[in-house]
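Sharing a structure here in structure tokens format.
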């Protein structure tokens, strides 16, 4: 039998707290899960620094990747024998679902920002490069790795296939909302996925939702909204991210200046500093490695690097206040000056962080990040964009919300002598 | 106000997926949670290698420690105003609950076996030694660290206090059963803790359970039984543990022989090899550090060390079969010989592992590990040992069950030439 | 000890699937639960005809009443020692919570509409009249029954007390949303009540919510919205209500005309028909009695009465279509004419039913049904109306939504001869 | 297409709180659900008087019947393409599952005991008699009603089919354990049904369980054990049953004596008293009817009948004590004498009730109620009886446990004058 169609002698089952069981029947999928590149995802947390706010959020991207695979598997099971659905795309969908996050590195968010990387480039590189994953995919077909990469990159010709993994109601989002809610323990993030799966219908270039399932979709959109503001953008999590970024900045600065003698050289980071990250370098980095460095660097001689590492490892985070960088530009400048005067380097100990989310968007062709809207299928067969049918979705549709916070090392300010003018000035500005 | 009685200005709340919320009102507790020694528990998984079997089991001992604290907090809240309960012991109980696992290291089970350590010694060392934890405890009272250590060591004079944390139905077990069930996703591990907490009564030297709560306790005992055999002793988890032990053995052997040149020297392990582990050394080791070494060691020149590390990191585990070391001693000897002949070192690639559990035990004074039984309080006030009232508990009481497995690197045997005699002999012995 | 303060020797506990346990310590509460008037609530379904749509919704008002009591009990437990809270109001709150629905009759919604009654009048009548409930309340204090009635009637002087039971986020709503979701099995209706209870604060004339709990309140408002449209206004449930109303109408008509000889006289309904319902009559009526009549009336000679009763008992409901009574007035007239011509009495076999809901409203003083808005308390102490802080709530605030359906006995139309003109005309209008 | 194979145009879905969704595709099933005989099950509580102990247990047999159908549907879906499974039996299994409890009447347990009936006889009578259910089944095939009846009666030739609905691990038990746990809210009754369904295998004359699923089955057996003792045999529930039986006895006695003039004649009960229950009579009786009589009979002149009815309707139950009828025969006789002397008729106000359960039994051929044991299928294919593989099951296997209670109207005894000798003697005997 062709490798593509090969089935395991006996179905393999993973116990999953979110979907109860994850079922694997295809040899390709089983083999992919066994690769070092996929196993590496166990060493990368799904939610980066969130576990420092919600202690339950220690789950890895390995977890989530299996979950997305399982959801796509269930969707496709329902699609069988439906018009517009071509079952030859089945194994492609499953592989793309399983591998869609393969290129994530440790604390991706911060690493991407500091080193100007994109994890999607690495996903593609792993799929197309000299890896075990590529070896297995090529056994299916010489072009198969490229197809998988295209689906993940949203350039694959069959847009229906793309929409399973990347749309405003895809398997990726449905898994992470439920999974992150489960592990953090928050009561948001619940919606009736079983119902949504039952009302999904394949169409020419996208999945659509039967109108009778609209309320389940509303619930999903609201879950998403709440998860963003309650969990993903939690200010304490962002405080840890700020510190993490500062560590990376500081290490790079020390390295590039070429004057500082590291006790432990940043070997694993060098290619990142130099913007010459090879696939091999990239794969060697996981959260254990990052943590190892930070651990050792707590004892570096550079006071800033060691202090920041201590803060991160021991969870001694920056405090924050609301801050509007648009209207409070002058205050920010003043603060920086004061920090400098007080001997607290504002480059490392003061930072404005902004987070923003667009909970749902209708179609805006030509815009920067085109987001395909969710379509409902009326009993007549006609398609209607979700926000035109749902009052609630309409009310939050297209409305971007942004939250700004000013982070700073409050303890360093508090340590200044009680009578010091600088201290008073800083507090005055902060109390605004 | 005395530090012992100091309350936080506003109650702090942790969102917890198992107990919903964990409430902290006491400054001592809050300060202890913030110490580097306690934060370190975030970097040690609660269930060691279990996540390689149940992918959800990535939760840390930090999680569990907060959970045990919360359960004790709730028990004590019910005890207030009960006879036999002295509310002066309150803060002692809470601290002991929070800190009871403080001395756990990475993959404790394997480390303890290989290096002949006991994590409880380190718990005591951290509490009594030169640490932030000790500094905070001493602020309560000069003798307070010793009291906390005594409670954890079960030598504290008030046995009621000890029984909250160490007995056959203590806060420790109640937390881990529920927590490990939650994160693995198995359907065992559920019992009605709320009911058990409501029927617990303090007595002179132990907690007892009102007889009306017997069925909830039965359920708890059954949960425990199922969790041991379904989760804790899962043969795949033990396979990973076998490999882990072999890595530590190999590294030690290479180090002690003093002939091998490590690419990455086992600096963090040296004192373990030499049996001179200081508190400082111990605290420096967490799972990130261990993983970092294994990661790098995949590229060591020593073929055995690098192969074992690769197996562990990439989850390429040993296979296993049922094996009875009592009756199959000769077969084991034969196998070792065959392995040797085949060039597969049996010291590293063949191992019998035995796990055993005693789900509940009545009191056997004088025996090695005395286990205090659970007592029910009849409506008359009389106490009765659980297994005398419950048929089900009676049926499993005192019955130790052991499971033996033979682990081996099946892939290395399969690689032997098809026609080889050794291969055939090995397979014959294995098929028994 | 005064009866008001009397405690049970041992706390009584009810196992509740929604709140896990319901705790009763006060003798007054225990005695009230034991009265025939309160036990009667076991014979009245919480959701009337909804069980014909969601088969799980067979739970009674007894269930819900205990639930509201429990929520108020928990709120008050948190209020103790808070400013603005007077613990002397405690027992009053608990009694009002427990008894707030005491006057509900069988299928209240339909009975109230058909016979122009108000269950709140009967609640008051039971509390103030010659009943066991009144006897117990009077044991607390001669004025106590009046106080309880006033709280339920929202005229009690302490508005904070009133707001616990009747406001846009009261114990009544929090219980029924969760309870009805639990028994129907829908995935809406979940919100983090534990959190809401923790952020509720008593103020001079209402409870307010600390701003940090805003998202939990948003979730509650969305739950309410979804439950109304997914469960409470479900068109199938309304079909059963239409039939129920028609039965009551028909029975009344036959009785008042005084010409028809009932096989089973409507003894229990007489005073309702004559608008002379005494408290005694009212208390005698429960769902068993109503069902008994309908059961027997299936064999009445009057074809309409027997047919309608058969439909209700055997769940052979009317079909429905969307219908806009504003724009389709002429079609409705035409249909009635056609039905008449076809010998299908439109008075009993054709009905437009409209349901509408206002998910949340800000304050509109002077309007018919003034609804007190929910207030958030900012960290500064300042109060802000919810919809001014929450985008989502703002988006649905004050927006009434109405759904119109036309119900009719489709089977009777289908039975008309295939070639009949009337049949064709009717179908044409319906397809409109 | 043959009616047997006819599918609905669109799948129908019932929202179910236990199984989430119940799916109906077959026209036969849909039509059966719509019959008056099946709808009648909505008016009969699944757990009789249990709702007087656990207020959530108000769910009907309609609920449970749908649940059993759904479980069988899922089992069969897994069986497709398995050896030993004949898909021609599919619709038969589904019908038998749906209809297996069709003959239950109101408070079956008490009615069966008092009037010496067997609900299974009525199930058969409804299936084979002149009913809508029979009409539909005959449309499948003239012999089909008999086949369905045979499956339910366990006499059908294909024992595999029988075992789906009647064995020690059948769909019936799996549904009611979970459902009753859900509605009562107790924490027992949970087991991993999804897993059990996945490891079930059809064999020649029974379903067997793959050995890998043994622990899930152990959990199921333990759930069953706990549910029996915690819920089904709850002493308060049995108190209500005792009163119910006494009412039926008293009404029969009064009726048969032919001297008492009922205000409301027991028309619906006559044929039960006379042991001439026709199918028509039987179907007319549901819990609403029974309650209606009790309601009205509260005002009968016969003091015993009216008192017992008041007790049942208003939940004023008998108290109970532990009692061993074997050893305490003399005490019982004494009590009866005392009751008689005190003017409290012991026939109606004193009763010993015994409940017993056999949680699991291995096969005892030739015994009264042969119970087929559960078989595990080892990896070798060999079958082994469950209690031989499982220690826990072995420990409770074949062990019948019985609980005896003495019920009596304590209030009537308390009303006796304080100084009365009878009262003292009664209390002495009761205190034993």
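When the chains are written out, they are named A, B, C and D in that same order, and each has its own residue count from 1.
Note that in this section a contact is a pair of C-beta atoms (placed from the backbone, for glycine too) under 8 Å apart; a residue touches a chain by one contact, two chains touch by 3 or more.
Everything numeric in this text was worked out from a predicted model, so none of it was measured.
Novice: Higher C-beta contact count, B-D or A-B?
Specialist: Top pair by contacting C-beta pairs is A-B.
Novice: Please name the chain that ends up farthest from chain A once chain centres are defined by their CA atoms averaged.
Specialist: Max centre-to-centre separation from chain A belongs to D.
Novice: So how far apart, in whole Å, are chain A and chain D when each is placed at the average of its C-alpha atoms?
Specialist: Roughly 52 Å separates the two chain centres.
Novice: When the centre of a chain is set as the mean of its C-alpha atoms, what distance in Å lies between chain B and chain D?
Specialist: Spacing between the chain centres: roughly 45 Å.
Novice: I'd like the Å distance between the centres of chain A and chain B, where a centre is the mean of that chain's Cα atoms.
Specialist: 32
Novice: Could you list the positions in chain D whose residues touch two or more of the other chains?
Specialist: 20, 186, 195
Novice: So in the complex, which bits of chain B are touching chain C?
Specialist: The touching residues are 13, 20-21, 194-195, 198.
Novice: Quick check: in the complex, which residue numbers of chain A touch chain B?
Specialist: 14-18, 20, 34, 36, 39, 42-43, 51, 54-56, 58-60, 62-63, 66, 182-186, 284, 286-289, 291-292, 295, 313-316
Novice: Given the complex with chain C, which residues does chain A contribute to the contact?
Specialist: Interface residues on the chain A side: 186-188, 190-192, 195, 215-216, 218-219, 222, 225-226, 229-230, 391-392, 394-396, 399, 401.
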